[in-house]
Amino acid sequence: MVFKWEWVGQLAQGLPLTLQITGLCIAIGIGLGVFLALGRVYGKRPLRWLCSAYIGFFRGTPLLVQLFIVYFGLPNWGIRLSAFTSGILALGLNTAAYQAEYFRGAIQAVRGGQMLAARSLGMSLFQAIRYVVLPQAFRLVLPSWSNEFILMIKYSSIVFTVTLLDLMGQGKRIASRNFKFFEVFIVVALYYLAIVFVVSTILRLIERRIRIPGLGAPGEPH
Amino acid sequence: MLRASLINIQLLVALIAVGYVLGTLIALMQVYGGRVLGTISRLYEWIFRSIPALVLLFLFYYGPPRCGVRISPFLAATMALGFRSSAYQSQIFRGAIQAIPTGQMLAARSVGMSRARAIATIVLPQAFRLSIPGWTNEFSSVVKDTTLAYVVGFNEIMRSARIIMDSRYDLAMLAFIAVALVFLGLTYAGNTLMGGIERKFRIPGLQMPGAGARDHSR
Amino acid sequence: MGTLLRVEDIHKKYGKEEVLKGVSFEMQKGDTKVVIGPSGTGKSTLLRCINRLTPADQGRVWLEDQEITHTRANINRIRSQIGFVFQSFNLFAHLTALGNVRIAPMKVKGMKKAEATALGMEELERVGLADKADAYPAELSGGQKQRVSIARALAMFPKLILFDEPTSALDPELIGEVLEVMVKLAKDGMTMLVVTHEMGFARAVADEIIFMEHGVVVEHGSPSQMFTNSKHARTGEFLNKISELYGETD
């Protein structure tokens, strides 16, 4: 087995795309996810049903299928998106469904009594959600979101199937030329291990900094 | 295409089996092994959970030929996904073992059982039951990962959908929506089945605290 | 001077069980009334119906001239005039003690932060916890949490404070500090409606004791009346048992 140092540099070219895609899809996921969670907890029945349906679909079907629907299927309906946009969209919609569930759990973990206390002081439902529930829910959900971030870094690799040149895509490209698939992908694997390690550490540090005594998170990270 | 989905199911069963055997082994290593075995198993878990599934698939598909072994895509996929699943399953099983009060082990030893026997007859049966919820969760979670086998190219459901698309471009959306529906159906059927199994094996009072397992598969 | 609080014929059902079967009473400004009775007789429910945290099935409630139970009442504005102290404190876990006390004046009444902070410190001072202003609820003892919760209610300058078994969730040694604050409030002229088992408190400051059982008011009267001269045998029986169990404080 031969390893070539130049691969490290060549693969690194795929890094920005991997990180970009992950970052953007998580951003979409958080925005949409919070909205979906609020809809499920506080919405009226039609909204609740809609949010549940969305979540059910995106959690119950494989990511690859979702990506292909966006990239290969949408053109059937006249919508043609670039590979990059498709990737971010599919990943974003997917992660939003999971994030919605984590956030919903966090909202419900805030003790109901606090909502009563807020209302008894004269706060409107909106105020109670904004000043009492949300600040706590955001803190409680952090470990799950960190987890999700790491997960998305790994699953972002799926965009190579629509010919995007992220870390995975670069790997495939290099390997297709020199046919040393195994060796190249060992390096790819090491790259992912490194990224995951670095990002987890950073996230853990962030969590520690904003911790409030007594406001512990219920779940444990993966 | 439906025929192809059967292959996915086969893959699912196969990889779960691999995952289960390995997972149990790794879990036992972590809990009862010494420091060396413990570190090895922790490292194993970390590696197989941090590397993307797709990368693993490529490694297991292209690796063996390098060493001169020819391997079918199906087997490669089973191994790749199976090893990956074992990393998660070991965590489930480990949690289950650790959820059993240590008093039980003490009681077993005090009636004269050897460590091995105590583990086999007292700890494992309970751990098995405790891990069922987590295990069923893993099962329904991993069913979606079988589509990733598409990248190593054998005739599972995604590939057949792709084939349809290549010949009739205008049917692409339909084809993939169909796949989606198949999986929704599978997930639903799986959950119901798992719920039933869970109920069948339940022992009142024997529950794992906070078995909030996460979906690590997409 | 009109009646501060008027409760008229409140009924409340949970499922098939009727927990409140027609409760009525009145309170004037400065009154301290204590509601006692066996557990599960709807005392907490009564308090929650007064500020509509739980909607009553039937009956009406007035705060001065505002009808709380009216469908078009501005319930948030009314609630901001009524304080509520919960058995389980319900402090906002993400805010410090000071944060808890000043958030309602800021967000509900629109007070500026500096003003609200000063007010918050004043109220914390009043309950003896000025030094704990920057502590989070998880760092406080039960008694301290409850006192913060009282300060939180006071910061809104309520016309009336409802206390729902304020000391029932506290360890015995911590009950005293909370009752002390409550006695002080009563003596300062705050209008208070308290559901509790603490008979010593009732004897010391209550203007009237209301005895409830099975969802109705069995009897009510001044403490001396109720303890020595109760009209119903049941009243005397209950009071004696409670005094035995919970003793006298202060």
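For reference, chains read A, B and C in written order, and residue numbers begin at 1 within each chain.
Here, a contact is a pair of C-beta atoms (placed from the backbone, for glycine too) under 8 Å apart; a residue touches a chain by one contact, two chains touch by 3 or more.
Just so you know, these numbers come straight off a predicted model, no measurement behind them.
Trainee: Sort the other chains by how far their Cα centres are from that of chain B and give me the top one.
Mentor: Chain centre farthest from chain B's centre: C.
Trainee: Which chain is most central here if centres come from C-alpha coordinates alone?
Mentor: Smallest offset from the overall C-alpha mean is found for A.
Trainee: At what distance in angstrom does the C-alpha mean of chain B lie from that of chain A?
Mentor: Between these chains, centre-to-centre, one finds 22 Å.
Trainee: Round to the nearest whole Å and give the separation of the Cα centres of chain A and chain C.
Mentor: Spacing between the chain centres: roughly 46 Å.
Trainee: Quick one: chain B and chain C, Cα centre-to-centre, how many Å?
Mentor: One centre to the other, that is 55 Å.
Trainee: Could you list the positions in chain A whose residues touch two or more of the other chains?
Mentor: none
Trainee: Once bound in the complex, which stretches of chain A touch chain C?
Mentor: Those in contact with chain C are residues 110-111, 113-114, 116-124, 127, 131-132, 135-136, 139, 212-215.
Trainee: Considering only the defined contacts, which chain B positions touch chain A in the complex?
Mentor: Answer in residue numbers: 47, 49-56, 58-59, 61-63, 65-66, 144-148, 150-151, 158, 161-162, 165, 169-177, 179-180, 183-184, 187-188, 210, 212, 214-216, 218.
Trainee: Per the contact definition, I'd like the list of chain A residues that touch chain B in the complex.
Mentor: Per the stated touch rule, the residues are 1, 56-57, 59-66, 68-69, 72-77, 94, 98, 144, 147, 151, 154-155, 157-158, 160-161, 168, 171, 175, 181-183, 185-186, 188-189, 192-193, 196-197, 218-219, 222.
Trainee: Can you list the residues on chain C that touch chain A in the complex?
Mentor: 51, 53, 76-84, 86, 88-94, 103-104, 107-108, 136-139, 149, 152-153, 156
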